[in-house]
Amino acid sequence: MARFELRLDADAVNALMAKAFPEADAAALGAVTALSPGRATLVRPFATHMLRPGRLVSGPTLMSMADSAAYALILAHIGEQLMAVTSQLTMNFLRGAKAGDITAEAELLHLGRRSAVCDVRLWTEAPDRLAAQAGVTYALPLS
Amino acid sequence: MARFELRLDADAVNALMAKAFPEADAAALGAVTALSPGRATLVRPFATHMLRPGRLVSGPTLMSMADSAAYALILAHIGEQLMAVTSQLTMNFLRGAKAGDITAEAELLHLGRRSAVCDVRLWTEAPDRLAAQAGVTYALPLS
Amino acid sequence: MARFELRLDADAVNALMAKAFPEADAAALGAVTALSPGRATLVRPFATHMLRPGRLVSGPTLMSMADSAAYALILAHIGEQLMAVTSQLTMNFLRGAKAGDITAEAELLHLGRRSAVCDVRLWTEAPDRLAAQAGVTYALPLS
Amino acid sequence: MARFELRLDADAVNALMAKAFPEADAAALGAVTALSPGRATLVRPFATHMLRPGRLVSGPTLMSMADSAAYALILAHIGEQLMAVTSQLTMNFLRGAKAGDITAEAELLHLGRRSAVCDVRLWTEAPDRLAAQAGVTYALPLS
């Protein structure tokens, strides 16, 4: 709802993410599939190594996805400044995440000079069956 | 977005809150002003004792409001079970809250048999100038 | 365990807190009763207005105490800079807090140039019967 | 400080962890190296895949370690009940974690019938240079 302004489009953010994590399998990062002021959607294709026993997507996979989604959303609004670092991540696990592509919807709650705070919702089944919700805070480089 | 079902209307929730906190000044609790499946809006009228130095609404006032808003929203969905208790509250303070009535918008992220998780956004100026965001978890009575 | 250095003693911190919150009832703030590098203990005398139904100390009272304890501990290490503001507070409610004086033990986990992070444990009965635990982050004034 | 009672020793916990995550590289899980009522220390040997650009241990690696440490500590106190699941994890990133073995010290704050709450401190350099601190809540199987 807040008034935010994009500095990068989805392609530019995806290129920046790939540059920031050169060693990562591109697929492992997920990609921005939708982007608007204050909001981004990312999708990470399913891979069997994401699973923990019980055939559910593991907690670390979901936390990593929440973190990347917040990072992508913040980059889209601050531009090419790779030095933003996560300072806090709070994850609520809401229900077991069944095997499948992971979607993350990230919303910017606040973008200040020193930090940015995002809300991230994650699911594999459907948006009305959330697997997890995260609050993610990034410390921003002082410019 | 999730499929939730209301068991109480706004008047019933307000009556239940007043019953749960008989000693509280009714105004101090705030009142449900809008209610739909999965969502509630509460408003607490401004009072000078809410302020801390700098004429900003104090952190404890905002945390208390976040907690009441989550409680009201959960009661609306589980009905008259006063035994729900807060197990976790994570508050992100986003900007100073200028003196004014406090609005809280609470959204139900998950309602399980044992716990409920809510997202709460708070402001005094305007919804696109959030003062704070909270994640609130309640433990539910085993029925 | 970390190497921290005090800049103020307990009396100086208590005087600073009273100055920061001139309108507050002195007793309501609690007082630093022990202080060493990286650690502070505060005690707030019991008062009936702290109770919620069930004769337990209310959540907002405990959250407010956690916040003050972190603030006092940080002031003791950064000196007379009243501009530190809470940016995040995560509270785990562990058991009902029976009526009684509230003790808070705050530990400094990190003191950086831009922020400080504290762990706070709270109880009314005994230190091995914690009522709550909080993680509190303060944003520090850039000096 | 609380009065907790161990049901398993370190070897039994390590065996149980290996059984719970049969597909994981044993080293990736880390091992309990010290265990006493209410406290456990785990160490995970360094591996290059833990690093992110800048030669710092990645956030997901640290979050995963915090989660395993809490799980191991809880198992040690509840015995062979593999169904405990993480319900909440709050991670404070305090400083960059230099390449090295990761040590996690987990402390049990509360063990109830329905949930357990742990505090976890993580470092690679030295215990007085914490890389991160986590609060981890597990939901326990109703027995």
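Labels for the chains are A, B, C and D, by order of writing; each one numbers its residues from 1.
Methods note: a contact is a pair of C-beta atoms (placed from the backbone, for glycine too) under 8 Å apart; a residue touches a chain by one contact, two chains touch by 3 or more.
Values in this document were obtained by computation on a predicted structure and should not be read as measured data.
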| item | value |
| --- | --- |
| Farthest chain (mean CA position) relative to chain A | C |
| Higher-contact pair (C-beta pairs counted), B-C versus B-D | B-C |
| Between chain D and chain B, distance of the C-alpha-averaged centres to the nearest whole Å | 33 |
| Inter-centroid spacing, chain C versus chain B (mean Cα positions, whole Å) | 24 |
| Junction residues of chain A - those touching two or more other chains | 87-88, 90, 92, 137 |
| In the complex with chain A, residue positions of chain C that touch it | 87-88, 90, 114-115, 137, 139 |
| Complex interface listing, chain C residues touching chain B | 20-23, 52-53, 59-60, 63-64, 67, 85-93, 96 |
| Chain D contact footprint on chain C (complex, rising order) | 1-3, 90, 92, 94-95, 109-110, 112, 117, 119, 121, 127-130, 133, 135, 137 |
